[in-house]
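Given below, in the form of structure tokens, are the structures.
Note that chain A is present in both complexes that follow, paired respectively with chain B and with chain C.
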Partner chain A sequence: MEQTIKETIRYPKKLLGVNPNDAKVSLAYLSVAFISLLIGGLLGLVQGLERAGLIELPSWLNYYQVLTAHGLLLLVVFTATFTVGYQFANLSHSFGGLLPKVRTLAWVGFYLMIIGVGMVVTMIVLNEASVLYTFYPPLAAHPIFYVGLVFVVLGIWACCLGVFINYRHWRKNHPGQVTPLLAFFAMGVFVLWFFASIGVTIEVLTLIPWSMGLVETTNVMVARTLFWWFGHTLVNIWYLVATSAWYVIVPKIIGGRHFSDKLIRLVVILLVILNIPGGFHHQIIDPAISQSIKFLHVFMSLSIAVPSLMTAFAMFAVFERTGRKLGGKGWLGWLKKLPWGDVRFLAPMMAMLAFIPGGAGGIVNTSNQLNQVIHNTMWVVGHFHITVGISVVLTFFGICYWLVPYLSKRKLTPKMNKLGVIQTIIWTVGMMLMSTSMHIVGLMGDPRRTSDTTYGGHEVAASWIPYEMVFAIAATLLLIGVIIQVYAVFHMMFLSPKGQTEFPVAEPEEHAPVAPLWTERWGLWTVLLLAVIAMAYVVPIVDMIMNAPPGSPPIRTW
Partner chain B sequence: MKQAKYGLLLYIFLALPPVASLMESVMIVHMHMQLTLLVLSGFLMGTFFKQRFASFFNNWNQSGVPGVILAVVIWAYWMIPRIMDETLTMHSIEIFKYISLPFLVGVPLRDSWKKVSYTVKHILYIFMTINFIVMGWIYVAINQQICNNYLLVEQRTLGFGSFAFAACMIIYGFIWIFSERKEHQQSS
Partner chain C sequence: MNRLEELWLTVSVGILVIFMFIIGYQTFALGMGPPSHKETIDPQQVDQIEPFDEPGLKMLGDKQYEVVMILQAFAFTPSHIEIPIGSEVEFTMTSKDVTHGFQIPGTNINAMVMPGHIQKISHTFNEPGEYLVVCNEYCGIGHQAMSTTITVK
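Right, the complex of A and B next:
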């Protein structure tokens, strides 16, 4: 408390707007995020062109090197740095500034991540780590690649610790009060992140001595299982980050109120507790896991559909309510009243709409029989470009148009808004084109993660080519989208006119009941999360270790 | 009352023959999940019984301690490995499982929970933790198959699972002592 008061005196502006020191943290993370997006997007185009056969990579650059960098830069670096930047801004805004030691932790996290990413990227560039972003054994990268990953995880842990400290501090000084919604989301995100990364950390720590040759073999099944413990949860971390904007920010932008506080918190809690075991739906084809265990896991991963459907319901209820209040009539008249010309609404709205086919595809992927058809085909790539590439990324883009000017004390000009709308349209069209053709060609058997799919001109392989041409066209559109977005972000960071921008946080409905205090029992949620992990993972992992096949030596295929 | 309905739904779900046989096919799911979910269904249905038979509970479970003791005894019975075998082979024991766990563990626990003091709750909590540790140790350490129906590897798994639960309970115990207890007492 004392600390905060001292801070307030030292930075009198804090209560009026953003604390400049906190803004710097967030802006640093966002800068890294969008530089990664630019590089990753460029690599995406290279892949699209190579798959369509329009270019041939030079001998010093191989497709799997490019694919590894694309996956890691976008899936890990872009999303992680954006999430930290955005969530710390939310926290600072909700709590009226971060504690100084928390800010220090955020910087420590930043540098740890930079060092880690530097090591990882260097190894990929040196062609020592073309192991794809999943880095499953038996493919073995250079040990430095894994050490880099450890640094990234340490960076994330530093941020987690910071969030937990600030949360406890706030709760101690506000007895009997529930935390502001955005801070509640931040807790959910970082709790999930912390426990998600434990799995992958154990994996990577076993891979380091193995890749150095200190131990001869490794247990591939255990490594894959630990990877997906993390990988699957990461997906839901993005989802939670995106929903924090859907639930709390978007209603304010359209001039409405947010949905029931209690329901929102319940969704967060359910996502946190039920999440991690879903990892097994990525391993439906893996041997060494018995049918009945797989069946239980499908059940678990479908249970995540419950909070997702609650979200869809709540969001459309908010839209309809607000549209009607603004004078929308008839069955769908309220739709017209929504501010479609405002990029801060349009981008997340497109994201939400894309989640409908994305979610449906997810149910296909998690069903045993259907997974047999689409496993390791381009369908999967289509699936995550629609879910991550639109639902998550477009929400992140939309956030930029108020967050960046807010942090840099500048204004979102009408011109920039228009550019944002154009960007959103380009991105949506590009991704829909790309992912739709990926879905279809996947059903026709086109494999993912394969640089050349002509198979000597076989007729089935020939039938894929038109679709691969569509990837190339869409990839070009998307690169234009990336360039516009990166330009917009840095323009709003450094060049847009000075001014005040609002941090749009929706209020509850009038007379809405206050969220009950039991929702803040993070200790209990954490333990329930651990219990659910134990329920899901003890059986298969004990089995994989006790009935282990001979392990695998490190293998380099490139 | 809403709770009681959810409890009943859960109970019916658990009693569906395919659900029951799937859960019983894996040892740890049988012991850790099916048994606890049965207790939970009773715990939820407890609201109904408390209202309906209020005077009965007042007469027999005034202090709450008899309910706790009943629950502990029945629970302990279900921890005997041989009973697992019997439920799989004898129909009567299977039926007894579906009656005893919800109605003789879940319901009385529900009635007692609000009545007993923190001391009793803490003792119960510590008892359960120790129970998991001891069970875990037995199942991990023993080199013989103790159930006819389950393999040694499943038995080990159950042991590790019990350790994991004990660990969760210990962690939560610390969280309770150091933070949530104070908040809880402030708010109530």
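Right, the complex of A and C next:
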């Protein structure tokens, strides 16, 4: 294993490289990402311990404040800043540097997000916004909470705009060529991000005057629907970011070639077009949406499984092909040839393996009757701790071990690699313990988002307690994992020995056909995306507005 | 695309289609669809509007009941109801304030109850016992205390 690392380091591929000014952008975003991971992770442990009844929070801090902060810091701040940091490095590398105005936009986005997060976090700390990650009205937070969210969205839009400008510029200067794969992924990520955030932006803009008392009431069903337009798509944005590493980075690390260029681009296009209506499966047991509309949405949600199934096939094909090329024999001998001791492979590999049960659980969640069994139980929390917590986050962690030293012009030392392997194992064990116990206890009816589930000692509630003890143990392991990861990232950023690290980008198979130019028709993909949104949303939203009940005033119940 | 890949995708998409047929059959032929009631109500006038002006357990026929229930932070009205074993119960619910959830662990009863909307869900209680009823959507600082029981005997 150590040999593979040495080899790749000794012969860094002379690609275009990330421009040093662009590296600063990425490092700034990654620093914010890992600081929020540290705080968010710590809050996760606090929750685990409180829920298990092992600690009692002081009077000035309540469980729902902690939960709101944990959700927003990890689901919004950590993932968004990591994604921008990583995707802009990919773009800079693929395009030979960002345009100066795009770099400026990335910095504008950075400061807008910092201001926004500052406002949001302040309101949560002051207990003015204990509304959780979903902030369903008529729970009404302080107006500054919503204004902060607007700043975060504006920051993301600045980055989207930057990506679109740079993409257009490159295409204009390279007529007849398809963009490098990583840049194609970046386009997919930011197109999806832009259209995903429109739903929640409309929601938040209606909530600001309402929370200030300028408007008396709001339509809670419409707000909820607009939230999930964004809320579920966000999950798939992270997933698309993770798959960019699976398809393009991992094959290079194991010494192989990437899968068919055309299929990869097709997966990106499908994920972008089909994604947004998936949000409706969060509303399967809501009133005010008819069963036939819900059935249509089961279909639309399940269709997202198709590109994921294509990914599963492609990745294992790459693994087998590479393992056999390296001398693996027999049915499974190729597995042994994979570099299990290289954290840059091990972490994303664990992430991919976790997506098999994670994806299956997702199919349960999207299906009418099955959803009714598990809706708002700990099952759902278990589901996103395996999908986001392992499949996405462990891929992100794995990326750090080459991206951070590459950007800071340092080396991934064998010692750091070993620490990364240990971190991956702790993380996988912790998350599996947490997620498995959450799935089981969810089937037994344990509700999510509840500080204490003893319910006066009722026997049903008592049967959940042993599983909640497992959450606490798992949360402890995970915090150890977070501390190691944050240490590793900042060590590689500032302290590791100077040197060169490879930016591992896989090449196509020899004689593989070049991807067709029609895959670059982003205008058309956008039209199709909007058509799918229209199919999914026009009928229910018009119905919710036309047949709306009198609205709800802002209410504070905490 | 190679042959194995075509086979993989055909089989997996085929499974998804079969899955859709089963869900559709259960929803539309067997009436097992998720709670999706579409009536609305003024959330600020719940106490004055029928049937919520008189929440409680109502007998509709032999072993058939309706429970008219108001959810509010942090209580169910009525609470601690008792019904005879084998009864089919339809819950008619709405919220007076924020979004709540209505869940009875150990059964398939699970529905979102939102202000402005009336939600309905039915269940036949064939097993005796004291069922725990919980609110499963965060509704405020006392959310963890929002529970009641249904006794079936």
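Definition applied: the second predicted complex is superposed on the first by the 541 of 558 C-alpha atoms of A that agree within 3 Å, B and C clash if a C-alpha of one lies under 4 Å from a C-alpha of the other, contacts with A are read in each partner's own complex, and residues count from 1 in each chain.
As a convention for this text, a contact is a pair of C-beta atoms (placed from the backbone, for glycine too) under 8 Å apart; a residue touches a chain by one contact, two chains touch by 3 or more.
Please read all numbers here as calculations on a predicted model, not as lab measurements.
J.: If chain A is used to align the two complexes, do chain B and chain C fit next to each other or clash?
T.: On the shared chain A, the partners fit.
J.: Mind working out whether A:538 is in touch with chain B, chain C, both or neither, as first, second, both or neither?
T.: first
J.: Classify the contacts of A:176 with the two partner chains as first (chain B alone), second (chain C alone), both, or neither.
T.: Only chain B is touched by A:176; chain C is not.
J.: Regarding the shared-chain residue A:546, is it in contact with chain B (first), chain C (second), both, or neither?
T.: first
J.: Considering only C-alpha centres, what angle arises at chain A between the directions to chain B and chain C, nearest 10 degrees?
T.: 70
J.: Let me test your reading of the model: by the given contact rule, A:521 touches which partner, first (chain B), second (chain C), both or neither?
T.: first
J.: Report for A:310: first if it touches chain B alone, second if chain C alone, otherwise both or neither.
T.: second
J.: Quick check on the superposed pair: does A:225 touch chain B, chain C, both, or neither? Answer first, second, both or neither.
T.: The answer is neither, since A:225 touches no partner chain.
J.: Which chain, chain B or chain C, ends up touching more residues of chain A in the combined arrangement?
T.: C
J.: Let me test your reading of the model: by the given contact rule, A:236 touches which partner, first (chain B), second (chain C), both or neither?
T.: neither
J.: Considering only the touch criterion stated at the top, classify A:295 as touching first (chain B), second (chain C), both, or neither.
T.: In the superposition, A:295 contacts both chain B and chain C.
J.: Which partner chains sit in contact with A:530 here, chain B, chain C, both or neither? Use first/second/both/neither.
T.: first
J.: Between chain B and chain C, what is the shortest CA distance in the superposition, whole Å?
T.: Value for chain B versus chain C, nearest C-alpha atoms: 9 Å.
J.: Of the residues on chain A, which ones does chain B touch that chain C also touches?
T.: On chain A, the residues that contact chain B in one structure and chain C in the other are 295, 547.
J.: Inside the complex, what are the residues of chain A that reach chain C?
T.: It is residues 62, 64, 130, 132, 136, 138-139, 220-221, 224, 260, 263, 283-291, 294-295, 298-299, 302, 305-306, 309-310, 313-314, 317, 363, 367-369, 371-373, 375-377, 444-453, 455-456, 458, 460-461, 547-553, 555-558 of chain A that touch chain C.
J.: Give every residue of chain A touching chain B within the complex, in rising order.
T.: Residues 168, 171, 175-176, 292-293, 295-296, 517, 521, 523-524, 526-527, 530-531, 534-535, 538-539, 542-543, 546-547 of chain A touch chain B in their complex.
J.: List the residues on chain C that touch chain A in their complex, please.
T.: Interface residues on the chain C side: 1, 4-5, 8-9, 12-13, 16, 19-20, 23-24, 26-28, 32-38, 40-45, 73-74, 97-99, 101, 103-106, 108, 110-119, 130-132, 134-144, 147, 149.
J.: Under the touch definition given earlier, write down the residues of chain B that touch chain A in their complex.
T.: That would be residues 22, 25-26, 28-29, 32-33, 153, 156-157, 160-161, 164-165, 167-169, 171-172, 175-176, 179-180, 183, 186-187 of chain B.
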